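Two complexes follow with subunit A in common, the first pairing it with subunit B and the second with subunit C.
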Partner chain A sequence: MTEPAIKIEGLHFSYGKKHVLKGVDLEVPKGSIFGFLGRNGAGKTTMIKTLLGLQKPQAGRCLVGGLDSVTDTLEVRRRIGFMAEDQQMYGWMTVSRIIKWVAGFYPNWDDKFVDELAEVLSLPKDAKVKALSKGQNSSLALLLALGHRPDIVILDDPTLGLDPIARKDFLRHVIDLLQSNGVTVFFSSHLLYEIEPVADHIAILNDGVIIKACKTEQLRESVRKFALTPAPGADFSQVPGILDALKVGESVSIAIDGCDPAKKARLKEMSANGMTETALNLDEIFEAYVIGNRGRELTAH
Partner chain B sequence: MRTSAIIHQQICQLRWHLLACAGLIMVLPIEEAVVGLWEGDGFHSIRMVYAVITFSPLLAGLIACANVQGDLSEKRYIFWRSKPANVKKLMALKFFVGLTLSLTIVACPLVFALVSTALCGEDLGWQTFKHYVPVPIVVAMMTYSLCFGCNVLVRNTARSWLIGLFLAGFALVIPLMLPLGFKDVVTDIGFRAFGFYPATIFVTSVAAFVFALYAAQHDWHLKTNLRELLWVGTGLVFLLLILFSSQVANIRVLDEKEVDGSRWAQGTLDKVGDRLIFEGLNYVDVGKRDISLHEIVSNGASVVNPPLYGNTGMNSQGHQVIYGPRAKGYITTSYPRRLNALYMDTEDGTYHFGIIAYFRLEGEGSRKEKVHEKVYLRSYKLVGNSWRVVDELNISDFIGDRVNYLRMAMRLIDNTLVACVNQSYVVADVTDPGDLRLIDKRLDALKGNWSLRHMDLQSEFDIPIIPVEGISIEERIKLSIDLRYRFSYFRNDIYKSSMVDTHNGKIAFFSVSEQGVAWFDVIRWDQKTAYCKFTSVRPFTILEGMIWAASSLHDRTFVENGKLYLSRQNTLLVFDVRVSRGIRKLGHFVRMDWNIEDIAVLDDGNMLLSAQWLDYMGAGHFEVRKRYLCLLKNPK
Partner chain C sequence: MPIYRQIIDQIRYQVVTGRLKEGDKVPSVRELASRLAVNQNTILKVYNELCRQNVLKVERGDGTYVSSSKQSISVAERKKAVASVLREAATLAVQLELPVEQAGELLRKEYQNIVSQKAGRGKK
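Right, the complex of A and B next:
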């Protein structure tokens, strides 16, 4: 088995008394585009900061390419290309100056590649950073994250603040550039429609723990929604993996994780007059995982 | 990490601040030069350069705060921190680039002054320039470091500038505020008081720099608001006030009595048996926590205009009688100044002995010189509450030529009294103090170097022993040291007064100068020479040094029960000298408007202090307005 690009083991982190990460375990396969989902404040940025060695975890460790982010911080950062949400750079520098400045930190900076990227991203090299549009600013940040040809690229909500068209443009560039190079992409976002078309792996972080981590296809396959009218005496607590349940009139709508024939048969038994099965998109799956009531509404009745 | 790129970034990042600071620092010198040119004095500037250099720490602090502020806003901080940058190296580089730029800005007016005065052929005043300029520059460097450290922590230019300036001020004031300083903890370190400021500035600067690196590395961030800052600032000011008050007077006053100034000529205190006599024919009762004054009543009437010690007395009718040549315009100096130094109790009563010298002031205006003409060895008897002269030996021929300075020492061994004046000595039999008998007398017996020199500190040196026959070698050594060092009021001498006694089983003496207190031990001797060794020094803090700089003849130095008592003018210091490894300060008492005359350590350990309050009458003349007696708790 190949070594994962990123391995996180039992990660705990607190800001004072606020326990943000409560034992995160995660593996990001090499060459994958890994969608890292979570609501605002779920701890995504905190985990990325810890991954980059910007803060020391209270417990657990992060391995990037087999290197510990706390003890081998500089080497880890050399291997990673990072683009933060709403990235702020030195506004008084010109694009070419900031490229030169960042290049100073990397011994393996690829000027030719950067020139090509600047061309692809249509970045005006003589313009001052403060004069760039938001889209151009994000493109510059991406360029600065990729200039040293990193093994792993971490994108933390990279399209935050961009309008829909700029966002689409940006993502197209990202995918074109990265997929062809076999780079591992760790893409954190709370905008699921951004991740859905590109991510081959998904992890959902909620309240400081990873509640789901698997391949995107697998996630789509395993989470299903059923609509049925419950038979008298139906006990839904007997059905494992209910993520969300909603009662509308006489009928109920149930989202189930790990849907298999046995679970389907069980539900059918509890149904008074048959049931309908539908597939969920990533947005709905995420909602079911994060804000689903776990069938409490049905149990209460 | 490419150093040139970082330096370039820093210069570009600071360019507007640098221009603003250069403008601010150059505006006054240029204005002075332009005005000078207009008035025909030439285009040059000196005075304004001194003025702006004084304020250079403010600008250095501003540049320090602007230096990394641009890198520390949260989002930008993540941008560059996510790169493989060695934070400490990067910050250190930024620190030194900023510091160099600050010093360049500060150098602008200096270069302007040097060049413009040279071109105009004006005198720069090199001596003043050389002495003044380094001070604000060094302070500017410290301010820069502190503001840099604050900025890394606070991440707000204005607040970190204010906090940095406040801390710099605090660091500069703190050496003045420390009541029991670093020197009392590490007494073996014999650095001098003037080294304290450079040490403070250096340590503060380095500490701030190292702190900044760690704060940046660990992303320490102190969130502040104006109200909190005001509270902290107020707290620190209070702390300063508390430190200052404890510095000025951490010895507790138990009781204090004001005495009518006209009723006492001098405030010398004598402890005779269980009674304390306050000179001027009055006496004092001292309780545990209070003082009572008792006026001497003679023939039913209180004594008015009490006589001067040594020269006066009272006859049987209670009338004042004046002895000696004071009435002819002479003034006295005496040894020992405290009456209780040489006591003798006989069946007949209590006696003491003293050398009294008389001098005239000769010369015109401020050039008057003190010329000594007459010297007496006298014995006094305690009659009632006063000392009355009972016998005297005229030793005026000891003076030799008429001199303006006398060196005196005296020692009583059993019934033999040895008194030295300048280079002569007399030995008297005092078996009957009312009838002093001359045993031996020798002129020009003592020769050699009189004063302690700088080089004697932290070294061994020798003292020729007075060749008096019939007394022990130890007493001769004490006499020799006493004569040599007790009253060496020479200018440029380090040590101006000292005392000698057996201390910790050794003959030891303590010398006091404007710089501090030094302890010397006599380590060995032969019949002609005693060999002394420097043991320890306790340099004065800056505040102590400032007080000590005002020299006075009224200073007192004595050791009692392992404590060294020093007083001069308005200050009393108490040191612990029990441990041979050093001198440790225990307490400090200051009354700015007092002139301390005498101190007595009482049986219960408390101290009684007599002082006068002088009123300046103009033309260098003071008049005693009030006198005080003060009971003080002896610090432990």
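Right, the complex of A and C next:
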């Protein structure tokens, strides 16, 4: 096993009394495109800021390429390209001016590569930043994040505010420019359907903890929904992995994680008369993880 | 349905309708990934799966082509593959109370539609 590109261990972070990260553990494999999901306010940006060493965690640590982001901040930043959420840039600068300005911070800035990027991203070099469209703005932010040829690129909600076509274009650039060159990409979003086509792995952050981390294709295959009428004395707390359960009259509808034949058989035993199985769409899967009641409604009495 | 399954189905559909013919070169993994804005590993998985099913074949160092080899899997296996997909359609038909004759008629129509599309392309 090669060392993961990013490793996060038992990370805790609070803003004063507000406990935002409550023990985050996460591993991002080298060369992968990693989708980091969570609702607004789940702690995504807080975690990314801590990962970059912009703030110090109260407990736990972040390793980037084996280096601690608190003690080796400089080297960590050299290796990472970062694009902030809704990145603001100086509007009065022209595109080529801001490129020159950012380049000054990096001893290993690659001018030739940046020229190529500007071409591929079709950025007008003489235009002022404030005159750029939202899509061009994100392209420019991406370019600025890549100019020093980082091994790891962190994109915080990069497609926020882009229209569907600009979004697809942006993701295409991520695949063309980054995946093709073996760069590890870590990007956050609150849209599962946006992440699914591009990500190898997905992690869902909710209320300060990772509630699911898996390969993207497993996500759809492992979550299933069953509708059944409980047999007398059925005890659903015996079945592990229940994400959400809903009573509808006599019957219950159960969304279950890591569905396998054994769990299915357990559920069937508790059913009075057979059951129906359905797959969930992406929004429903996200919902089941994030706001699912974990079967509390069934075990309450 | 996972993305890779959707892409597999689309390529298979293009092959059976003759839109992609034996010996046609398919785009490289990188190219198709970029065109669809889909992870390269997903496309790799699609191509591997289609090679396993003898729909595509890889010419080393050259590219991936639509396979010319005829069906090499047994009738029993073919039946099994079709049955697994039909289960879903059958479930839906029962659920929507569509009589079996009408459901069967739909399958026949779809089948003929594809065969005639292929024949139409063959003539050109």
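As a convention for this text, the second predicted complex is superposed on the first by the 297 of 301 C-alpha atoms of A that agree within 3 Å, B and C clash if a C-alpha of one lies under 4 Å from a C-alpha of the other, contacts with A are read in each partner's own complex, and residues count from 1 in each chain.
As a working rule, a residue touches a chain if its C-beta (ideal position, glycine included) is under 8 Å from a C-beta of that chain, and two chains touch if they have at least 3 such contacts.
Since this is a predicted model, take the numbers as computed values, not measurements.
Legend: residue contacts after superposition of the two complexes on their common chain; A:Asp68 is shown touching neither subunit B nor subunit C.
When both complexes are overlaid on chain A, the residue A:Gln55 reaches subunit B alone and has no touch with subunit C.
In the superposed three-chain model, the partner touching more residues of subunit A is B, compared with the other of subunit B and subunit C. Shared-chain residue A:Glu9: touches no atom of subunit B or subunit C. By the touch criterion defined above, A:Lys168 reaches subunit C but does not reach subunit B. Once the two complexes are laid over each other on the shared chain, residue contacts for A:Met93 go to subunit B alone; subunit C is not touched.
Touch criterion met: A:Ile33 reaches subunit C, while subunit B stays clear of it. Note: no residue of subunit A belongs to the subunit B contact set and to the subunit C contact set alike, using the contact criterion stated above. Put simply, subunit C touches subunit A in their complex at residues 1-4, 30, 33-34, 36-42, 45. Across the complex, subunit C is touched by residues 33, 168-169, 171-172, 175-176, 179-180, 196-200, 216-217, 220-221, 279 of subunit A. Chain contact summary for the complex, subunit B toward subunit A: residues 1-2, 5-6, 9, 12-13, 70, 73, 75-76, 78-79, 81-86, 219. Those residues of subunit A that touch subunit B in the complex are listed here as 49, 52, 54-55, 74-75, 77-78, 80, 82, 84, 86-90, 92-93, 100-106, 141.
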